[in-house]
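Presented sequentially are two complexes of chain A, the first with chain B as partner and the second with chain C.
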Partner chain A sequence: MGRYLFRRLLQVPIVLLILVTISFFLMRAAPGGPFDMDKQVDADIKRRMEEKYHLDKHPVVQYGMFLRDLAPIHVFDREGNVSIRPGFDLGPSFKNKSLSVNEVIWLKAPVSALLGIAALLISLVLGLGAGVVAGVRQNSVFDYGSMAVAMVGLAVPTFVVGPLLALVFGLWWKLLPVAGYAADGGFFGGLMAPQYLILPAFALALPFAARIARLTRAGMLEVINQDYIRTAWAKGLREHVIVVRHALRGAMLPVVSFLGPAVAQILTGSLVVEQIFAIPGIGREFVTSAMNRDYTMVMGTVILFGVLLVAFNLIVDVVYGLLDPRIRYT
Partner chain B sequence: MTRTAHLPLVLALVLALVALAAPASAQQALPADWKAKVQPESDDWKKARQVFTFNNGAEPETLDPQIVTGVPEHRLTGNLFETLVTQHPETLQTVPGVAERWEVSRDGLVYTFHLRKNAKWSDGQPLTATDFRDSWQRLLEPATAAQYAYMLYPVKGAEAYNKQGSEGPDGVKRPAVPYEQVGVQAVDAHTLRVTLERPCAYFLDLAAFDSLAPVPLRVIRAHGDRWVRPETLVCNGPFKLGEWRPNQRIVLVKNEHYWDRDFVKLEQVVALPLEDMDTAFKMFQQGECDWLNDVPLGKLAEIQRLPEFYVSPYLGTYFYRFNVTKKPFDDARVRRALSMCIDREAITRDLLRAGQVPATWFTPAMPGYEPPRGLGFDRERARRLLAEAGYPDGKGFPTVELLYNTLEAHKVVAENLVQQWRENLGITVSLRNSEWKVYLNDVQHLQYQIARAAWIGDYLDPNTFLDMFVTGGGNNNTGWSNARYDALIAQAARELDPKKRMAVFQEAERLLIEEEMPVLPLYIYVNKGLLKETVGGWYENVRDQHPLKYLWKEPAE
Partner chain C sequence: MSAPAETPPAAPKKGTSLWQDAWRRLKKNHMAMFGLVVVVFMSALAVLAPWLAPFDATYGETWLGAQPPRFDHPDVLNRNFLAVGHPPTHIRPGYEDARTITFEVDETQETEYRVRVQRRRVTEIRRVEGAIKIDRVDATSPGDVLVEVREDGSRGGPVTGAVIETKAPLPEAFGERPASFVMIVRHAQRAKGPVLYTAHLENGVVLDLTRDGVGIDRMEVEGRSVRKVDVDGTERRHTHWLGTDLSGRDLLSRILYGGRISLLVGVIATIVSLVIGVVYGAISGYAGGKVDDLLMAIVDILFAIPYMFLVILLLVNFGRDITILFVALGAVQWLTMARIVRGQILSLKEKEFVEAARMSGTGPAGILFRHLVPNTLGVVVVYTTLTVPAVILQESFLAFIGLAVEYDGQSLDSWGALVKSGMDALGSDGERSWLLVAPSIAMALTLFSLNFLGDGLRDALDPQQRGRT
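Up next is the complex of A and B:
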């Protein structure tokens, strides 16, 4: 197990480097640049803006500079003198001119993470609950009912569900704010004012909950007819023990492998939910930075998502071993 | 218009060559008691909490007045920083700002601004003529890479200073220029003398522009690009920056060091960056927002019935460009035919439904200028024109492609046009939509046949619309070139008599939209929004410009 983990961890930087390299050059290859606008900028001034951000240099040179700044530790400063500083410097954002990409991520990612955790909990509770009962009571009213709801959850897009939630709970019943975020901002500010999180978390959770419910149900149906479950029944165990202790462990496997990428996705937020509920999260940056050709910000979001995805896939592999005793790591 | 209307308040470079109709002296013909007239009638307002919340529609890129280019930024920097002169909230006439008065030399070349002795920075330091001189140096400094540096080009030596070190058209590096050669001089602490390259009747309009605001150089030197944060930002306008939470809100608070602080009524202004109009409308309904400068189109019918709804003409045109360098649009008859067979009213009435003005002309009507009517709907003539061009009943007409940037609102208009063209002319037009930057790239490199476009006027003069189609103009983007048109625009630039000048513009526009048609105008934009009835001191104007200094809140009934 230890050796396996160590080997996997060694792969991480390589995977990320490949990801970063491909993204870097793909982004540069897209037509247009950060300073293209509908009213044309004087050629001289545009050139100077490009010089300021080193965009006048060859992409390969830019790539080298980018990797140099990204190094975990900087040993030399720009003049070549020894000066040890922490690295992981993603550079300035072209769009948010007074912030660096690192700062944008530090400001907004915690907000998305908080919202994501809330949405994750909701989708797990709803999804697993509905899925287990639907699987155990196959073809019952509850099975049909919950699967119908899950179908709707999958089919109806967030940009419909979100405004609907805000309309009903915010505008009509006045139970919750229609949009906005805790006045203090940030992760802990948000935690202290959870009323702002409820509606967006549900909107974000719904499609995930639906997927989890369907996967759990399918997993349950497969496991419930297997020999070891029959053995458990034969031993005279009670139903809830069989379901929770024995069946669910096996039924969870497809859910767990779904959760790896899903958690990375849910924690980084969503443009649609953030726009509908005016949440100052990082989800918007994934879309708008690419549209603005905000090259440095694009790289920041790619790296953020890449790290999360790799991390959660690794966790999934470990959890697999815990859930299924047949899996051995070598 | 979302990103398109990203209204760069640019005064195009070409403007520098043009003389505006209104001479500087006429602009000062403002009643002495103008300020009393923009005050509340009673003292009722004092009972209300003076907090004004509005939706700014986007997260500003920065709040550095010399760097900003978009409308959302301008709505904030215009209130944080005060220029030498400013504009009347209703009539947009020039009114005093940091300068309490100014003189213009007889030859129109020298402007002398007398700064208020009580003008201060928001940290209490005095604001002097040197601050203006040095701020303008920063604006022109090549290293600042300010997009709107050319706003100062009418000033003597400014262009040379801005372009030093870059390659000229001959490929030779331009020589370094000392700042002393630029015509900006701090005569004493409160007198700024500006010498122009050539007479420029609209120089006061430029002086009222954000880019020419003073910036706190000592703060910028200490903090670099980050000086615009609440902890460090020092400004000189009616408000200062209280709080900036990216994508959440920006709070401006009254600046206690502002020279005219007793006039300012609002204590706090909250700017929200809501991009979703539905969300903004819900917050408006909940009373969490006092002003929306746009409304969700899907709810227009409902919103139009609200007492808070307002709609007024805007200085912008929605149109299509033809690529005249390629067949079949190299033939003006084809371009005219495509325009004359369109029922524009059907589009504004049935599709857009917000009071947009269907237009067969390019320049919105403005004080002193009435655009020519253009070519109205005439299907028979359109078909004849197409037949003359060699395509009777559309036979032999190649399938052409219409390019627009991906947005539902553009799509519905384009689809309607495609249908009208098929029904009325028998020609087939296919649609291609592109993501914004790809679309820009294609239009600028003439990689299209017909392309959607929009233009928002930068200043109140037909020139801002018409000079873009001169040969080789930076925003021409049609490949169209016409010597007579170029001559007319140049003639308008030289003409100092306002009436004659407008007549020249009319002639040019007639050539543009009645004969040549490199563009197909569709409609004139409107400002539409919602304003709480408790807001006072707010005036409609074609620039959609509402300085916070003049606003107040009345108590709710």
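Up next is the complex of A and C:
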């Protein structure tokens, strides 16, 4: 385990570096920049703007400066004197001049986090619940019904489910707001106004709920006939104890290994769900800043997404090993 | 596949090949067969779209606007113009060669009134033209509409069945208003019966024109007011089975063409991923040892990169040309293929037939691509059918966030783009739901079927894998 973990940890910086490098040069390689859009800017002003943001320098130099600012801790200042200050500096946002990229991320990431957590919880509750019942009551009406729904949930993409949910619950029945987010924003603001989150969270959760339900059901079917379950029955344990404490633990394994990619997909899914429901989260920020050529903002969001994805995959691998003692990493 | 040269003459007992066996198993799987039928059907529709589509997918008569499914209308242009002695240039293409064209037109007469409201009561109504004072504007007869014309040129919602009368309050249909104000109201009145225009054409020139039997020089009719059009005695109508979008384009045609683009992207990007993945995986598996370790470590690292972000950046910065998209999406998908093929090759290369091939002097490339790779075909086919929907999904995802593919600077509306524009056009009460629902169903059904077919093929070709999702 230790060696495996070490190797995986070693992989993290490589992955992030590749991601950062490709995104950085993809943004710079294209013709045009963040300051030649809409209205014609005076050449002199444009030059000074580019100078201020170091866009006049060679991309490789810019890349070096970017990486230096990104370092976790700065020991030297620009003149070379020792002055320790915190790093992870993503620079100013080109388009949103009053805020730095870090500030924008702090502002918007909690919104996305809330949406993602809500979606994950919904998919776990729905998926595990439906999967366990379907597995325990195999070939029942519930089994067939829930699995049929799960198939639909798997095949229909989020950006179809989202607008359809908005159409039915928002526009036709007027039960929930079609778009928008709590006025005061943020994590707790969103928590206080959950009506804005219900539709997007469900839209985001549906495919995962479906997947989890199928995995859980398959896992339950595999486990339920094994000797240790028979032993548990023979001991006279009650059904819910057997199902929840004995069977589910074994059946959960494929679900756990799915959670890594699931978190990844929830993160990418948030790009489109935030777009549909006009939620001021980090996914929407990424798309708009990519369209606006807001270099620093794009880099900030890409790095954030990259770190989260890599971290979750790592965590899932570790948890997987803890849950299943048979797995030995080498 | 690659039978040795010394195969004995056909054995008396006929064996079943892997593929016959798989086909037998697949036929038993109802969902997979359903998927196969739908996939074949959708592919046929996509390929034949130019012949099947009833209308041009990129052009619509704007006067139609968004109309619900099964809407039918006379086949005329936005503006239909004919003049005696001139060739019929402003007329539906195809009508020029006719001898007689008749238009049945609901003509409307429009009058504008200035309405003064004081302390919530109408105090004065004057015709704008001539400033003649009148007492009431009656719009209760069928087809009558009152429209407010605001100073900025915008119009208030049409009000029907209302009467504006002096000394009475303004009808409630005009909404919340200040106590005292002045507004301009346009009263559109339909003529009693339809007016009949008849044109006779000869040698490509309009010979004569009549309006209700009276000869006229020129005729100008708006598309929306035409009730019926007859060309040489046959009525010309069009039906839009799935309705039209906001600019009057036929939705069915758009879905057919959209499917063409979605499936094209899906198939070509999959082929790209297939080529890269198979070659990479085969080399890695066949080489083994350190090379294999290195190549697979690279795949592991690439696997962890969130590609969608890079694809988005690529499309934003380098244009959305369809070839870029093929490569970008194909390059994302090859990793799994490489892993699968490598695993297969690893186990296959220990088999005797490889030994035999080597003995007979086949070089490594020959062994790899003539003997080993063809034997991975089953797995490759399965994974390919599962890659196509994944790619379609990704392309639609990109189209949905506003990165619809382009070709020659023209945007190609795939299903994802149709779903997106459908969502944007729903209206405040979801009254134009068909614009979202129809493309959604087309896309969901196809993805659904492709996934089923892929799962079924996996079960059929590789029974041991069964049940692992």
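Structural remarks
Convention: the second predicted complex is superposed on the first by the 217 of 330 C-alpha atoms of A that agree within 3 Å, B and C clash if a C-alpha of one lies under 4 Å from a C-alpha of the other, contacts with A are read in each partner's own complex, and residues count from 1 in each chain.
Criterion: a residue touches a chain if its C-beta (ideal position, glycine included) is under 8 Å from a C-beta of that chain, and two chains touch if they have at least 3 such contacts.
Everything quoted here is computed from the prediction, not taken from an experiment.
Residue contacts after overlaying the shared chain place A:311 against neither chain B nor chain C.
With both structures placed on the common chain, the touch criterion links A:167 to chain B and to chain C. After overlaying the two complexes on the shared chain, residue contacts for A:275 are found with chain B and with chain C alike. Once chain A of one complex is fitted onto chain A of the other, the partner contacts of A:291 extend to both chain B and chain C. When the two complexes are overlaid on their common chain A, residue A:198 makes contact with neither chain B nor chain C. By the touch criterion defined above, A:26 lies against chain C but remains apart from chain B after alignment on the C-alpha atoms of chain A.
In the superposition on chain A, A:124 makes contact with neither chain B nor chain C. The contact surfaces that chain B and chain C form on chain A in the two complexes overlap at residues 30, 163, 166-167, 170-171, 275-276, 291, 293.
Of all residues in chain A, only 30-33, 36-42, 44-45, 47-49, 51-52, 92, 95-99, 104, 107-108, 163, 166-167, 170-171, 177-181, 185, 274-278, 280-281, 284, 291-293 touch chain B in the complex they form. Across the complex, chain A is touched by residues 300-302, 304-306, 308-310, 312-314, 316-318, 389, 393, 396-397, 400-402, 416, 419-420, 422-423, 426-430, 433, 436-437, 440, 443-444, 447-448, 451, 467-469 of chain C. Contact residues on chain A toward chain C in their complex (touch as defined above): 11, 14-15, 18-19, 22-23, 26-27, 29-30, 151-152, 154-157, 159-160, 163-164, 166-168, 170-172, 211, 214-215, 218, 222, 254, 264, 267-268, 271-272, 275-276, 286-287, 290-291, 293, 298, 302, 305-306, 309-310, 313. On chain B, the positions that touch chain A within their shared complex are 3-4, 6, 8, 10, 13, 59, 61-64, 67, 69, 142-143, 145-147, 149-150, 162-163, 166, 225-229, 245-248, 272-276, 278-279, 282-283, 285-286, 288, 435-438, 440-442, 444, 454, 474-475.
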